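Heads up, the next two complexes both have chain A, just with different partners, chain B and then chain C.
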Partner chain A sequence: MDNILRVDMGAEGGPQFSEEPLGDYAGLGGRIMTSTVVGKEVDPLCHPLSAENKLVIAPGLLSGSTAVMSGRISVGCKSPLTGTIKESNAGGQGAQVMARLGYAAIILEGKPKDDKLYKLLINKDGVKIETADELKLLGNYDTVEKLIDQYGDKITCISIGSAGERKMSAASIAITDMEVRPTRHCGRGGTGAVMGSKGLKAIVLDDTDCSMRPPKDPDAFKTANKAFVAGLKKHPVTGEGLPAYGTNILTNVINEAGGYPARNFQSGQFEGASKISGETQAELEKSRGGKATHGCHRGCIIRCSGTFLDKNGNFLTKQPEYETVWAHGGNCGIDDLDAIALIDRLDDDYGVDTIEMGATVAVAMEAGLAEFGDAEAAINLVKEVGKGSHLGRILGNGAAVTGQVFGVERVPVVKGQALPAYDPRSVQGIGVTYATSTMGADHTAGYAVTANILGVGGKVDPLKPDGQIELSRNLQVATAAVDSTGMCLFIAFALLDQPETFQALIDMLNAFYGLNLTADDVTAMGQKVLKIEREFNIKAGFTKEHDRLPAFFKKEKLPPHNVVFDVKDEELDQFYNF
Partner chain B sequence: MDNILRVDMGAEGGPQFSEEPLGDYAGLGGRIMTSTVVGKEVDPLCHPLSAENKLVIAPGLLSGSTAVMSGRISVGCKSPLTGTIKESNAGGQGAQVMARLGYAAIILEGKPKDDKLYKLLINKDGVKIETADELKLLGNYDTVEKLIDQYGDKITCISIGSAGERKMSAASIAITDMEVRPTRHCGRGGTGAVMGSKGLKAIVLDDTDCSMRPPKDPDAFKTANKAFVAGLKKHPVTGEGLPAYGTNILTNVINEAGGYPARNFQSGQFEGASKISGETQAELEKSRGGKATHGCHRGCIIRCSGTFLDKNGNFLTKQPEYETVWAHGGNCGIDDLDAIALIDRLDDDYGVDTIEMGATVAVAMEAGLAEFGDAEAAINLVKEVGKGSHLGRILGNGAAVTGQVFGVERVPVVKGQALPAYDPRSVQGIGVTYATSTMGADHTAGYAVTANILGVGGKVDPLKPDGQIELSRNLQVATAAVDSTGMCLFIAFALLDQPETFQALIDMLNAFYGLNLTADDVTAMGQKVLKIEREFNIKAGFTKEHDRLPAFFKKEKLPPHNVVFDVKDEELDQFYNF
Partner chain C sequence: MLLHFCESTAFALLKSMKWKLLMNSSLQSGDRPYGDRQDYHCLLFVLDSANLHCFFEFLQKGFFVKVVTGKSIKQMLCDQFGVQPDYAVNRIKTIFYDGKPVDDMDRAIVRDGSTLAFSAAMPGLVGATFRSGGELSPFRSTISYRPDIRQTSDSKEGVVFIKLFNLLVSEMGPAFLCRGILIEKKLLDSFLKNQSIDFWSRCSSVFLGNHPMEKEKLMHDGVPGTEKFVLLKLKTIPQKNNVKS
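Here is the complex of A and B:
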């Protein structure tokens, strides 16, 4: 990770690349890399699809090393969905492979002068850019299959589906997993549309004959890594819950707590929850010969992912995540796991964010395009996105656009991005995160569900406003730091409850880079990330008035607790006082 | 105009109305009335289609009197197109009739609990609200025809077409003219969608047996009115140009100046301009027995409107205005007056803003949905709006949404509202108005074309940034005042060049209300309006970063002058320093 690969997609005579040393960007990785580059190099008022926007792809600080859990790759740009800065990260093999190939960042710039589609090929021998018109409008699955045919099955692909090519604001960027399937996605914020606007269909990485990144102090690194592994194994969430049932273990938990947004946030509980819970899902997967426990990248020891086979025992999709099962399930009144899994596959194939798409289908249902609970209709709506029909283009641009086009008032978005699977009225800490995050509504930005519901990292009453700002702030700062390390955010469960596991992570960073960071330095890094992002957003025209939930969360009482979102605007305005 | 009529569309058991004295709103009219009420009563962060938004309809201060030109009616709300405060005004009979019926404002609040459509009936005997499901999804023409059948041909209608019922963000509110045709529109900003969200299809006004509003000092009023008339007759624009050719006299003038945005702002001149100019149009109209000179409301002496007959000599639409002829003509590469007139009729019938729709069709052409210059295709695109198809819903929500849905970068909007018929690069004063207006891009907000191109009210080089801020500021302040009087903005040509005509307007206001206003008081009134509006927008989350033109106006040079918009951001930021 000693170089930056800069690709000018708009160069005369076709795309050109150049390599450069890290310079000002030395010592950065993941989110702090993408947000620093975007903050420094992108005009906050540029059009997100213009040549002036840049797409920055960066492995985390520990990616490519033997550190467990270090497989998150960050993608950053100005978002076409929110208009804010965006960092969206995913698992899969991308981070590890890119890091071993020596790149701390790929920066895509400009915009092709022609209509051609390109692919970027990187292996130990160097970099090539070739046209890729043979991949035009292919789904991610077909795209990857063709690339494997051509470049062998040792590759890792970073690609967009038809949605990205069509520059839909809900378009994702797919990262292949250990089985070279495009199942892991930088989902949020329409990063796929930016990649599409740059005419890049895929990045093909092959780290054959590349070495593991060596730590400065191998022994200390090994010791710290070992302690880190022990910590993760010991914690009930990372050691038991997530491995056994994946993220979907949350369905029953959140539903029980009355925080599960059913039918476009009309209720906090869904009567069909048990039919789509993680427990039911794991049982179904196993009964068909799928896997309920599986890692999405080499070095994962939590192994919360899995594989979902169809009724005939054929691979359909990766185990749908909790957010996906909620978005296309309870949020649309749907309790059919097969239908949800099929939609998950379609979303991954077209390359759209499952959260945004589920929220969008629910808004379309509210607009009367389908009945809540009609799985067949939901599937057909999503298929329109793949067709690129006029309806599909509306839906593929997300919940806010769909709401405007169909004149719907109840549209659950903040800064244009759909709310995820926790109702902010009965999980008020996550409501603070939705409102204040630099990313638009994003649960991963500061996962206050921990202390609000799960009893991890302390306890804060989820139904009351008290303490939520501080809770969300601490989590958002910590998350910004974790997102920079390349570590999967799920390590946070153990970090929050076990100081020694947090220390092990710091020890790994220190041993790897020969540093002497303290916990305060890590906090400072997280704060710095948020400040860079906030600064970009302010220059892009965002104010405290955008740090608000849609009005209906303050006036409609959510059953069963019959609460509204009660954190005062003045309190939200204190969020960035650090 | 001694009362306010407040209608709660969301009352239990169906809409309820109440009358109240003017109270705090005494002495207000037109824009200063609508913006004061919206500023005071509407939460800037509410959803524009929610019960919390209000639609305020207000005649001007001099409407309903014998003052010539006093027929403008203002409509205000939070705009679903821009998210800002909105005042959109129109001619027709609405202002005069409503004023004589005694209402200084109608304030529509709430939202029906059911799906019913309503109409509001007002005559000398009082107010009634009735269901209007028989008018569901009718165009404005059929709506008005049915209302005439029921209530006679002495009525004036304020109505929405299918676009307003479908809550499209480009939906207008139609006002009938002297022939009881729905030809005059509060076009900009989607006020029709707000009326639609309140379930109100039409307001039927009948001022039979109502008196002209009496001035406090009838003699002084008569004298001032006479001087005012003389001033308008004397000025070449209001006395000759506008009467002879209507607003479309501008096509040749603006095209000649290189300020005519052709093909979605790709060039500043259109080779087909002469085929769609006001001169050609007037000739065509007269050859078919239409009228090139005609007033849109009683008391108009400029008479810039007209009637456009089809090839068979049947009424098709009112004489299309310059902005319309540009939007659906040169801006789409179309030089066919019959096609443009047909689209004008369709726009009026569906109830959409012709400027927004033309800009939207051009963006759709840029997206590849049709070729520039293809009139047939343009007509078909607009017809989709009437059908309410998915494509029609996209287009009916305006240029910004259409641009996002189809992934287009070159979208000429400010604050979500399409730029009108003057390119800001070669008419830099109007660029300042587009950027800074509280309304989003709006030429009427501060018509700097006067000094930039027409040599009215001084001269300021249109191709240079110098002096444009001051020019636009003075005009925006003056316009806000004129928009409050009920006077047609076209009086401004005479006011700018003839101090005695400006004085005559002040004399009329003083004689009518028994006041002693000076020119400074009028300026203060204009400033107050802008400050109220700006304040609302700030609370709605707008910042100086929203007072910007789209980036492409700063990087693409406009032929034939090969200029970019050159007014610096720092200068734009000085606009509100008054």
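Here is the complex of A and C:
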């Protein structure tokens, strides 16, 4: 991982590439790499779909090594959905393979002067750029199938579907999994539209005959990795709960707490929750011969995913995650797992973010385009996105645009990005994260529940009025740090409860790079990421007034607890005081 | 005898999962829920233990059980349902009392008519937020359960609605199913109609009260009677494919 691959898609005579040493970007990975490059090289005032925007793809610091759980890949740019800086990450094989091919980042710049479509091919022998007009407007599944026919089944693909080509703001970038299926997505923020604007349909990676990245201190690394594995396996969340039920294990619990946004955030509970819960989903998958426990990349030992087969026993999609099941399920009043899984497949194929699309369909239902609970109508709305019809182009640009076009007041977005599956009125602290995140409403922005272990900001006093602000800040700092390692965020639960597992992670980083990092250094890295991102957003025109939830969260009481979001604006304004 | 058999089966299951949920011996003296009530039928399935998981959907939807109220949640679990104290503390990480996250199961007093939901440790920021007494509990302080200091701790007979989620379904569920859970008849009727031939072949017999039931009739017509609720009880027998000749 000693090089950066820079591709100028707008070069005279067609796209050109060059390789360069890491230089100022040495020692960076994942989110800190993408945000540093975007912060340094992209004009914050540029149009997100213009030649001036750049798309940065980066594996994590430990990707490509034998470290377990190190398969997250980050994508960064200025977001067409939010207008802010964006980092979106995904699992799949991309990070591991790209790192083994030696690249710490691929930076796409410029824009083709014609309307040709291209593909980028990378293997041990080098890099090639070829036209890819034969893939035009194909879905991700057909795209990958054609690429396998051409380049064999050992490849890993990073691709966009028709939504990305049409530059829709909800467009995602797909990463193939171990079975070479395009099931993992950098979903949030419309990164797929930026890739589409660059005229790049796919990156084909093949790491055949490439070695694992070697650690500086192999023995210490092996010992730390072993301790890390043991820690993950013995913890009830990473060793039992997630493998058994996946992230959809959350449906019943969030619903019971009255924090499950139902029917476009009208209520905090959904009567059909048990029909679409992780427990029910796992039973259904197993009864059809699918898998309820499956990893998304080599080296994953939590294995929170699975395979969802249709009623005839044929592969339909990967196990839909909690946020997807919520977005297309309870948020639309739908309690049919088969319908939700079909929509998940369509989302993955067209290449759109499942959270944004679910929120958008719910806003469309609120607007009267369909009835809440009408699964067939929901499927047809999503199919409009695939067709690229006028309605589909509106929906494919997300909940905010759809709400504006159809005159809906209750539109759950922050900085243009749809809120995920947790209502901020019942869990006020996550409302602070939604409001203040540099990314727009994003549940993963403050996901690393390791703040207390990292000692970020010390202990929080829950009785202090600004306790939730401080807690959210600590979580966002910790998350930015974990996002930079390339580690799956789900490791956070074992780190939270088991200090020795957290130490094992630090030991792995130190042994791999020959460093002496401490928890303070990790904290500093997280703070640096947030500061870079915040600075970009300020230059792009964002102010503290953008760090707000939509007004309805402050005035509409959420049943069953009948609570509103009551964190004061002045408290939110304290968030970046560090 | 029946309860003893079921307890043994449940214990074998739990032992295999490395977690022990022991039934308290004091419960074996006939403390059977609703035993003295006649406004519902008791439907007893004698079935292959491989069928047990088919009934788990009732546990996440929720069921009624008779309890002694005025006790803490921990006392209810340990003294009335025989849950081991270390299991209650270390395995049950998330508790909801009428939808409100509970931070201290020793201080939450069980009332007649309350709804109690139990879960193992959860992933996700919000999952971690709901943990009992966790670092992130301030995040949901506006909906947290607060003990009512005016509440009396008089012990009375009452009924609570219990839900079991995720890992606790297979760990605590079998014991509840063998003790008997009160559920809506229409839910059970719908469940029975949707079961496969395989399921019915692994049910050796079904009893309504003391009377044997025809499985086919039960599958097509549902549970006889107009009562709203049914007391569902299971008695398990070893899996057929595990029996050595």
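Criterion: the second predicted complex is superposed on the first by the 559 of 578 C-alpha atoms of A that agree within 3 Å, B and C clash if a C-alpha of one lies under 4 Å from a C-alpha of the other, contacts with A are read in each partner's own complex, and residues count from 1 in each chain.
Please note the rule applied: a residue touches a chain if its C-beta (ideal position, glycine included) is under 8 Å from a C-beta of that chain, and two chains touch if they have at least 3 such contacts.
This is a predicted model, so every value here is computed, not measured.
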*asked:* A:Lys531 in the overlay: touching chain B, chain C, both, or neither? Say first, second, both or neither.
replied: neither
*asked:* Tell me the contact category for A:Val401 with respect to chain B and chain C: first, second, both or neither.
replied: first
*When the two structures are overlaid on chain A, which partner does A:Val237 contact: first (chain B), second (chain C), both, or neither?*
second
*asked:* Tell me the contact category for A:Gly541 with respect to chain B and chain C: first, second, both or neither.
replied: first
*Using the touch definition from the top, say if A:His390 reaches chain B (first), chain C (second), both or neither.*
first
*Partner chain in contact with A:Lys113 - chain B first, chain C second, else both or neither*: neither
*Thinking of the overlay built on chain A, is A:Arg298 touched by chain B (first), by chain C (second), by both, or by neither?*
neither
*Please determine whether it is chain B or chain C that touches the greater number of chain A residues.*
C
*Touching chain A in the complex: which residues of chain C?*
53, 56-57, 60-61, 91, 93-94, 96, 99-101, 117, 119-130, 135-143, 163, 165-167, 169
*Residues of chain B defined as touching chain A within the complex*: 43-47, 49-50, 52, 80, 166-169, 193, 196-197, 389-391, 393-394, 397, 401, 404-409, 411, 539-543, 545-546, 548, 550-552
*Under the touch definition given earlier, write down the residues of chain A that touch chain C in their complex.*
236-238, 240-242, 244-245, 247, 249-250, 252-254, 256-259, 269, 274, 277-280, 283, 304, 322, 422, 426-430, 433, 443, 446-447, 449, 451-452, 460, 462, 467-468, 471, 475, 490, 493, 496-497, 560-561, 563, 566
